[in-house]
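Encoded as structure tokens, here's the structure I'll be asking about.
Chain naming follows the written order as A, B, C and D, and within any one chain the residues start at number 1.
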Amino acid sequence: MSYLQLDAVAKHYGSRTVLRDVSIDLKAGEFVSLLGPSGCGKTTLLRIVAGFDQPDSGRVVLEGRDISGLAPAKRQMGMVFQAYSLFPNMTAQENVQFGLRVRRQDATTQQKRARELLELVGLGEHAQKYPHQLSGGQQQRVALARALAISPALLLLDEPLSALDAKVRVQLRDEIRRIQQETGVTTLFVTHDQEEALSISDRVVVMHDGVLAQVGEPAAIYGEPANIFVARFVGAVAELQGVVADGSAGMVTVLGRQVAANRARGMAAGTRVYFLLRPETVRLGPPDAAGMLHGTVIARTFYGALTSLKVEIVGGSDCVTAAMASGDAVNIAIGSTVSINWDPDSPRLLVA
Amino acid sequence: MSRRTHNLIPGLGLGVIGLYFVIPLVATGAFSLWEGGDKYGLAAYAALIHQPKLWQSLGLSVRLAIQTILVGLVVLVPAVFWLNLRVQRLRPLFDFLSVLPFVVPPIALVAGMTTLYTGPDWFVGTANYLVVPYVILALPYTYRALDVGMRALDLKTLTEASQSLGAGWMTLIFRVVVPNLTTALIGAALLTIAIVMGEFTFANILLFNTFAVYIDYVGQTSATQAAALTLLSFLITWLAMLGVLFTGRGGRGQVQIGGAR
Amino acid sequence: MSRRTHNLIPGLGLGVIGLYFVIPLVATGAFSLWEGGDKYGLAAYAALIHQPKLWQSLGLSVRLAIQTILVGLVVLVPAVFWLNLRVQRLRPLFDFLSVLPFVVPPIALVAGMTTLYTGPDWFVGTANYLVVPYVILALPYTYRALDVGMRALDLKTLTEASQSLGAGWMTLIFRVVVPNLTTALIGAALLTIAIVMGEFTFANILLFNTFAVYIDYVGQTSATQAAALTLLSFLITWLAMLGVLFTGRGGRGQVQIGGAR
Amino acid sequence: MSYLQLDAVAKHYGSRTVLRDVSIDLKAGEFVSLLGPSGCGKTTLLRIVAGFDQPDSGRVVLEGRDISGLAPAKRQMGMVFQAYSLFPNMTAQENVQFGLRVRRQDATTQQKRARELLELVGLGEHAQKYPHQLSGGQQQRVALARALAISPALLLLDEPLSALDAKVRVQLRDEIRRIQQETGVTTLFVTHDQEEALSISDRVVVMHDGVLAQVGEPAAIYGEPANIFVARFVGAVAELQGVVADGSAGMVTVLGRQVAANRARGMAAGTRVYFLLRPETVRLGPPDAAGMLHGTVIARTFYGALTSLKVEIVGGSDCVTAAMASGDAVNIAIGSTVSINWDPDSPRLLVA
């Protein structure tokens, strides 16, 4: 049975529909991300789970109990906000104790638990500091400890990393994942950053214009996008116009050439498709090789371990991007002609 | 225009404003020490200290100030809290209400009050009657002080954080909001004192003998004593204002850093 | 406390404030129509229209208001601009200066002015003399209106953007700052009008026959005419305030969206 | 000769030193990033170049001319800010024209140039919109067009991407690089995001506590970090304590085992070193293989194309991270024992 169940949740602001009948199930202990661009409704959905917004229709069911009408204070949900939300008049420890104090636990228990949690987030030595004495990353760690202190039924994370520097963001992301796995708390995480969602989650819910675009494990979202929105939003992808040439042989016509794509098998010839290639599946070779396509390297981008080369395909202004180990990319000069190949299993086809 | 010229002009403006405050003060100070002819001394001050009416009027003004602070805070703290939390869209209305006291000329208000006071007999008049207009007069400053304080707090996030941790409204207000607003509350209180101590129109027309009215009364009989009282009045209110300045400074730092996004 | 209860309390507070403004207005209105006994009519209004002194005092007040606006803006626009741009750390000082007018009791200021006025003979007194205290009185509102407007603009970034594009200070002020501050400027002007129209203490003590003084004078001879004038005065200042409210609303949207981060 | 020369620029705020004698040379047409954590002085340096801050000592020399004393308005530098900086009372086109209007160019020239630049940033159709009608990404594009309109001697970018969503950030980053290459304008770009700096720059200047930690091409910064700060800040790296065992054979003792690292050649035996391994150089194999080290897989992070596995090394609590194609990583279960290998050329050694 599912632990948290969102059942046909809908929300409108005036004439604007923010959420249309969104249904999601979370298993106990699962880490699920809500991923989408600004305005897709992900934050509204989280706030409905927290009780800060009321759905127009639909239910929020936690462990079989409908909590849609419950006040936020009664929901036992730990929340970490995008803005720094520590109480400025309390030390880190007092902040973490706040929820326990409200629950009238005895002082010793409070202090012990706060200590434990500050250790867990790596801030044991900063317990007596006030928020303004802590860095942004440290404040968000304390906020996490504070949310966990009440042993929440659900941990809600509302873009907690977006105000932080890139380096700190990655560190805290890994930390959140570690802590979530240690504590086993069921977690709902809102983000607009696909790398964040893929790297941290058990399952990702991609949202678009108030509806679910796709729900699945990170590898499935990345590897088998259900529609063109997900394909474009999650990861880099080259997108070519194709027409299925031969459904039995798995051949697709792209830019006037027949190329191999096993996923075309079983599709009717003449079907228009988006022909999608992830950069890491594109192999560049010397121009004389029997390539599926040929092109000219027009740009190079260095990412550290990987370098991506942008190749303009001969016979059009379309481009594909090939990602490879930086050491291999050094040998391919900008302006050189290359052949473009891929494993016939690699291309994803989406009916246009 | 060069940068230096640019910096000079507003500096000049400030200087002019400053002079406007300083010149009368110095002149008043000098005048209060004048004992006629070439003689200067503390005669005016000595004469004042022994006037029981001075202390009575001062006492009345202080009592009114305290009453005004209490009534003002009880009305405004929840209102401004509610504004910042739930009804941001009503901010123009609040801003409008908060400047009404300047908008409705005090003299018009007094005329209205006098009408009620002298017309139908059922409206009783004691000095406490002044608390009502004084709360209204202090409204803009109390409102502004509280609003600035609450805005700096990111009240919405703090409230939601507190609620998600299971806190009720009482916990929220007394453990989270008020402790972070001490600066704003003290500032509002001190401003109210300054206003009530200085208010003349209402008290004079409604015939209550407050401190400001007493200054005016003295002024009609002894110019040098009035000057001395004026200085005293400056002193009280400036002390109150220095209080605002310093609490404001400490709080500013705290709020700015703590509430930073 | 439930959420509904919580919302009721500040609502109640607002209601009480509202009533305080409404009851005297209604009473004043009814009283101004009273012609003795059971008769009601417009006699008081008719009597007023033919008094040349009414129009003279109204004219004087309007002239003073315009002069006050001009002097106030010339002094404050550069000062607040400079504050927001370069000397944020001086904000407590500016805040302090801006509330001085409430702090220094008006009556004390007047006493100081009277001292200068009656003491040494070299300080000449015409009605224009009133512009000086009126600028000071309007200072807090003008300052606040300009400061809120400029803060919403992210003035520092706009100034630097404009400078990096080669613009001088004049271009910056007249093409970038002022066009985005129209709301604030109009608001400040209307507030100043309201204040000057209503100011009684200075004009009365310094013996100038402004509109507020005239209301008081009429009040001593005819209670119903005073009530009628009070209503008129309300009308003028409320219209000015509605102006603030509506320009404020339009500008708020513009500023909020345009200057959003 | 260098186009822009920063010569021993120093800046203090009270007793705090923000910049200590920083010297950098830019060639004409170069794209240079200033990279570092918050508070490293990168933004102050940019503001000194723009003229908004004055250095306490040192010079800013542009094309051989000392401009240290020049007002910002005279420096002819286009700047894009972190905060949205468009003039709210002007349309996109009027914003772009602003600098030309200040220069009293005739109206037709102004309009033509503004149109061209709006086309260049892909906003030709939004010319008549006001800033509040544009998205954050669009506003920053207009700001870029506005900065370019005055044909600036130098383009200064002060974290222009940090307020944007992850997806928009990457798009605009690529766009900025393309436009810079098309226009050839010499550019100084401030960022705290190492991926941003590596991917967009000709050269990267890594700053730390007001000094230059390293200056070089992205590949050099990533591949040959000059010190431990750069190694830690740029890219992911596993950091082990090592002691050179044999300088002639290129052997280092790590966690009690002798492992190969060609860069140890020529170093005196007994030298303490940081032994650094980039995730992509780490190869995991079956536990029976003759590995340099052995370990247990304790965590897996999916990034799309790549998956990284965190391996705790047997004989200590140290970890290394191995990045590999996601398809390969699927076969290695969490908890399994693996051998850890690398090309002896891969490890970087920094004297501790």
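Observations, loosely collected:
The rule is simple: a contact is a pair of C-beta atoms (placed from the backbone, for glycine too) under 8 Å apart; a residue touches a chain by one contact, two chains touch by 3 or more.
Note that the structure is a prediction, hence the values are computed from the model and not measured.
Each chain gets one centre point, the mean of its Cα atoms, and the points for chain B and chain C are 17 Å apart. Separating the centre of chain B from that of chain D, both taken as means of CA atoms, is a distance of 53 Å. Centroids built from CA atoms put chain D at 24 Å from chain A. Contact with two or more other chains is made by residues 71 of chain A. With touch defined as above, residues shared between interfaces to two or more other chains in chain C number as follows: 3, 168. Taken as a contact graph, the chains are arranged in a single closed ring, with each chain touching exactly two others. Chain pairs that touch, as defined above: A-B, A-D, B-C, C-D.
Chain C contributes residues 1, 3, 6-7, 9-11, 13-14, 16-18, 20-21, 23-25, 27-28, 31, 74-76, 78-79, 81-83, 86, 91-93, 95-97, 99-100, 102-109, 111-116, 118-119, 132, 136, 139, 141, 144, 168-170, 191, 194-195, 197-201, 205, 212, 215-216, 219, 223, 226-227, 229-230, 233-234, 237-238, 240-241, 244-245, 248-249, 252 to its touches with chain B in the complex.
Chain contact summary for the complex, chain D toward chain C: residues 50-52, 71-79, 81, 83-89, 98-99, 102-103, 130-132, 143, 146-147, 150, 156, 163.
Of all residues in chain C, those touching chain D in their complex are 153-154, 157-158, 160-168, 171, 175-176, 179-180, 254-255, 257-261. Within the complex formed with chain A, the chain D residues making contact are 37-38, 165-167, 174, 177-178, 192-196, 198-200, 218-219, 222-223, 233-235, 278-280, 299, 301-306, 323, 325-326, 330.
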